[in-house]
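Once you scroll down, you'll see the structures, which are given as structure tokens.
Consider the two complexes below, in which chain A is the common component and chain B and chain C are the respective partners.
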Partner chain A sequence: MTSYDVMPATELYQPVNIEDATALAARLGRKGWLLGGGQDTYGWLKDRAKRPDAFIDLTGIDVLKGIRSLPDGGVEIGSMTTITEVAQNPLINEKFTLLSAAAKTVASPQIRNMGTLGGNLCQDTRCWYYRRGLNCYRAGGNICYADSPEGMNREHALFGASRCVAVTPSDTAPALVALEATMLITSASGSRQVAAEDFFVGPATDILNMTALQADEILVSVRIPRKWADATFYHEKVADRNVWDFALVSLCAAFKEDAGQITDARLVAGGVDCVPHRLREVEQAIIGQPRNETTGEAVKVRATSAATTLNYNQFKVPLMQNLVLRALRG
Partner chain B sequence: MKVSLTVNGSKHKVDVPSNTLLVDILRDHLGLTGTHVGCDTSQCGACTVHLNGSSVKSCTILAGQAEGVHVTTIEGIGSVTDLHPMQAAFRDRHALQCGFCTPGMIMSAIDLVNTSKGLDNRAVREGLEGNICRCTGYHNIVAAVLQAAEVMQGSSDE
Partner chain C sequence: MDLVRVRDDVWGREVLAGVSWDLLWLVLTAAFAIIIAHLLLMAVLNRKARPSAAGKKLARHAGVDRAFHWITAIATIVLLVTGVFPIIGINFPWLTPHWIAGLVLTVAVGLHVVRSLFFQDPLAMWIAPSDLKELAGGDVKTAKYSLAQKGMHLGMAVVVLVVIVTGLVLFLAIDTPWWNRTNSIDEATLGWLFLLHGASTLGLVGLTALHIYFGLRPEKLFYTRSMIKGWISEHEHAAHHDAARWSPEETR
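Right, the complex of A and B next:
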């Protein structure tokens, strides 16, 4: 059996500098497909669910790779840095273990060796109706198959649905939102910075795309400020399998404490919203409280006060609440 | 497109369509059929090879992404008369039944041992999470990897 007969013919551009890559992105627009490690990409093509005209392979651009410390004590990670490097990097393991913990739960070892941080952040949702290539809202059509009377929506959203009920699949995205990272984006017409929290967009903003990246733009790097470097972190991912699976619910939490009280906190959930979902009500409720079981029990319901359940995903409500409890229990 | 790559120490230049996958270069163009295609969707790990020393799934890598890299396949780690310690341990421990997953298991296990210290049962099971054995023969596979780790890590310390 040869497998190349199920990979449709696609042009492949392999620029070695950013200028050539942005020029290609500007010329090809949405007919082009930015390629990192390709670990999310080839499934789309093998299934014939997406058919870009051309790939723009970014992995040959050296300046998009690597991890360096920033003058402020933060860390900058190139978008084409592999997930394995993110998981094992000493700088990140010293200051931002929330991100390394999340990175270690991505897919499987071989995929982490090839897959990139940029690819993990920009990968498309796993809603199987959408990935099957059906003409749903997210694919440009006018129906959601998951949010229908017979739709199988066990993995779908509790928050932020707008026609589409798909959720973010990224393990690293909630960690970066919790750490208040900034995305550096470039195009042929200039560069810009976007807060991680604004980089991910829900269907009410743009139902066809999960990030703020425009068709001609490339994610260059992610900058994590020093702010949360001394915080205590909690990370947990719940999935059906230990490996090669996406989160049913994940939680990335960062706490700053002083004299036995929480002085600042960020709690961000994955798998429950089209974007990494900040638990603002919980964050506000725990300021001034000790980080313990009692506080957790008192505030956990606030994690889901705005949840709208579908036919088969009600289990995510107690699951989220329990993750918040466990994070606060420490 | 023309792709130049080094496979098991030998340089090759192949002329393939740009949508060719690395595993198809290995199997169809270079005749290295020890690398298997199981699922073709990056789940099962039967196609695992080393790219510059790291284990990757060759069914999910484009030919163009293999330009200039060093690939090591199951054919490149030992021979019938001179087995790699991991191959020898798989034989000693009966760590294969149908054998389809074995090349990928061995390549993943070698990378795991090369990049880990103090491996135990749990660490081996976690390290091989990207490889599926349809015969469910995991018990002996873990035993083989632990045996090989003693040999490989023992010799590297000398």
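Right, the complex of A and C next:
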């Protein structure tokens, strides 16, 4: 596929308030493209694999930036806040280290400086067949090349495949699902809140999009409730490289313990499903158990009991099980 | 407006991808135009008193045939909702209910075909030359089924059979409790399958809209009732049917 040195000519809108941005989004619909730090966007454009009519650059809208305390003790993060800010923010580092730990593993320092939380959450999948611009299911076609007999699918899904086997590339999404965050979404016709767990959608529901955002909607902020503040967290990301790479498997875990026993837990894996993958079986099995190696050994296989492997991603099964073991070993 | 969708395959060759979904709006518009036109026409022309439902009850549909009809109807509605809604942007996990409804339809149609071929008169639904005089209009009394009913059945039979056959092949390409999906069907073949599946879906949308409309027409409601309760009255029979061509038995 030809790659080009210059960007294609495209309209650029740079609204400075959310009202203008939502009006533009409503007017342009699917022909418009919401632009944050551009770290996902520019690759698409440079390769000519996607060609929106217009960009709506959201980085000039101040209300979409920053990290604020919420009255309930939680935190609200604007969608245009950079990943670096999320990783370094004292409030998040004090209460929700799971998120800051996940944010610190996003790509590279340069990309974290430019990339935004909203962009990291809404970025498209990295399936190389799809990114190459092939007409696969996710691109509106009739076939999944990654799941074909000759398909190279080492990075692809263990769970939730429905015609498409792509996985979520976001490092921060599993952390936010584990923290029971809520997404605040707005459009010209009003605002709504969506639980992080429902914000990400798999191919069974919508094979063309990875989030519940409609064409005219903008992600304004992410609200993390106080519920998991100061819980015990575990985060680990396994990738082929330690920087500037997407997760093969990642695990975000939050535990509440009392008298040496786990009283509540959320474990969410990245890189194994089109959405952040809740390990519900594991969560249920460890309630009332101590957080130690014995518990980890006993429950780790439950993490992958529903896994369906592809030709080249069987290694993710023991990898995922070992991450669960390490999370419980503490 | 395009009739079909075409795409480049992995080798860069242009292949069919399926029917153009712009046609969905054309089909819906055409169906509603026919309905509106018929409503207006009947408002002007149809002044006849409707026959009474009282009197002797004559058997029209056996219980098994009524069950088949309503199972097929429910399966078809589920298939259309789960198949068409995502296309118009209403997203939900549609695939599992879609294939389950498809299997129900397949089994129901299979049983219906066996029953109609070997246990009923298969020609009762076939359009005969004698039916064509109904085209001339007037008060033509029919056999058990009118030309319009036979035409609707024939049209439905064609699109349902195409949708079933193509759906069964496409069924291989998704995970089910019985097998894991295959991706060994080449893109050109998939394109044809999706084209036929989509085109028959469009036919099903149009015919279903018309079928529901005519089933709810005041002068046709007794046929709908007969599909629920199994009978028509002797007056309804006398008003619409030729006793020499169809003489049903009395029922309770």
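Rule of thumb we're sticking to: the second predicted complex is superposed on the first by the 324 of 330 C-alpha atoms of A that agree within 3 Å, B and C clash if a C-alpha of one lies under 4 Å from a C-alpha of the other, contacts with A are read in each partner's own complex, and residues count from 1 in each chain.
Simple rule for what comes next: contacts are C-beta pairs under 8 Å (C-beta built on N, C-alpha and C of every residue); 3 or more make two chains touch, one makes a residue touch a chain.
Everything numeric in this text was worked out from a predicted model, so none of it was measured.
Once chain A of one complex is fitted onto chain A of the other, the partner contacts of A:Q14 are limited to chain B, with no touch recorded for chain C. Touch criterion not met for A:A23: it reaches neither chain B nor chain C. In the overlay built on the shared chain, the residue A:Y42 is in contact with chain B alone; chain C does not reach it. Applying the stated contact rule after C-alpha superposition, one finds that A:V243 touches chain B and leaves chain C untouched. Applying the stated contact rule after C-alpha superposition, one finds that A:N113 touches chain B and leaves chain C untouched.
Using the contact criterion defined above for the overlaid structures, shared-chain residue A:D57 touches chain B, although it does not reach chain C.
When the two complexes are superposed, the chain touching more residues of chain A, out of chain B and chain C, is B. Taken together, the two complexes place no residue of chain A in contact with both chain B and chain C. Within the complex, the chain C residues that touch chain A are 7-10, 17-18, 86, 91-96, 173-175, 180-181, 183-185, 187, 190-191, 194. Note for the complex: chain B touches chain A at residues 1, 17-21, 23-24, 27-28, 37, 40-43, 45, 48, 51, 54-57, 59-62, 64-65, 67, 108, 111-112, 126-127, 129-130. Of all residues in chain A, only 134-135, 140-145, 147-149, 151, 161-163, 201, 204-206, 308 touch chain C in the complex they form. Across the complex, chain B is touched by residues 1-4, 6-12, 14, 35, 38-39, 42-43, 45-46, 55, 57, 59, 84, 107-111, 113-114, 242-244 of chain A.
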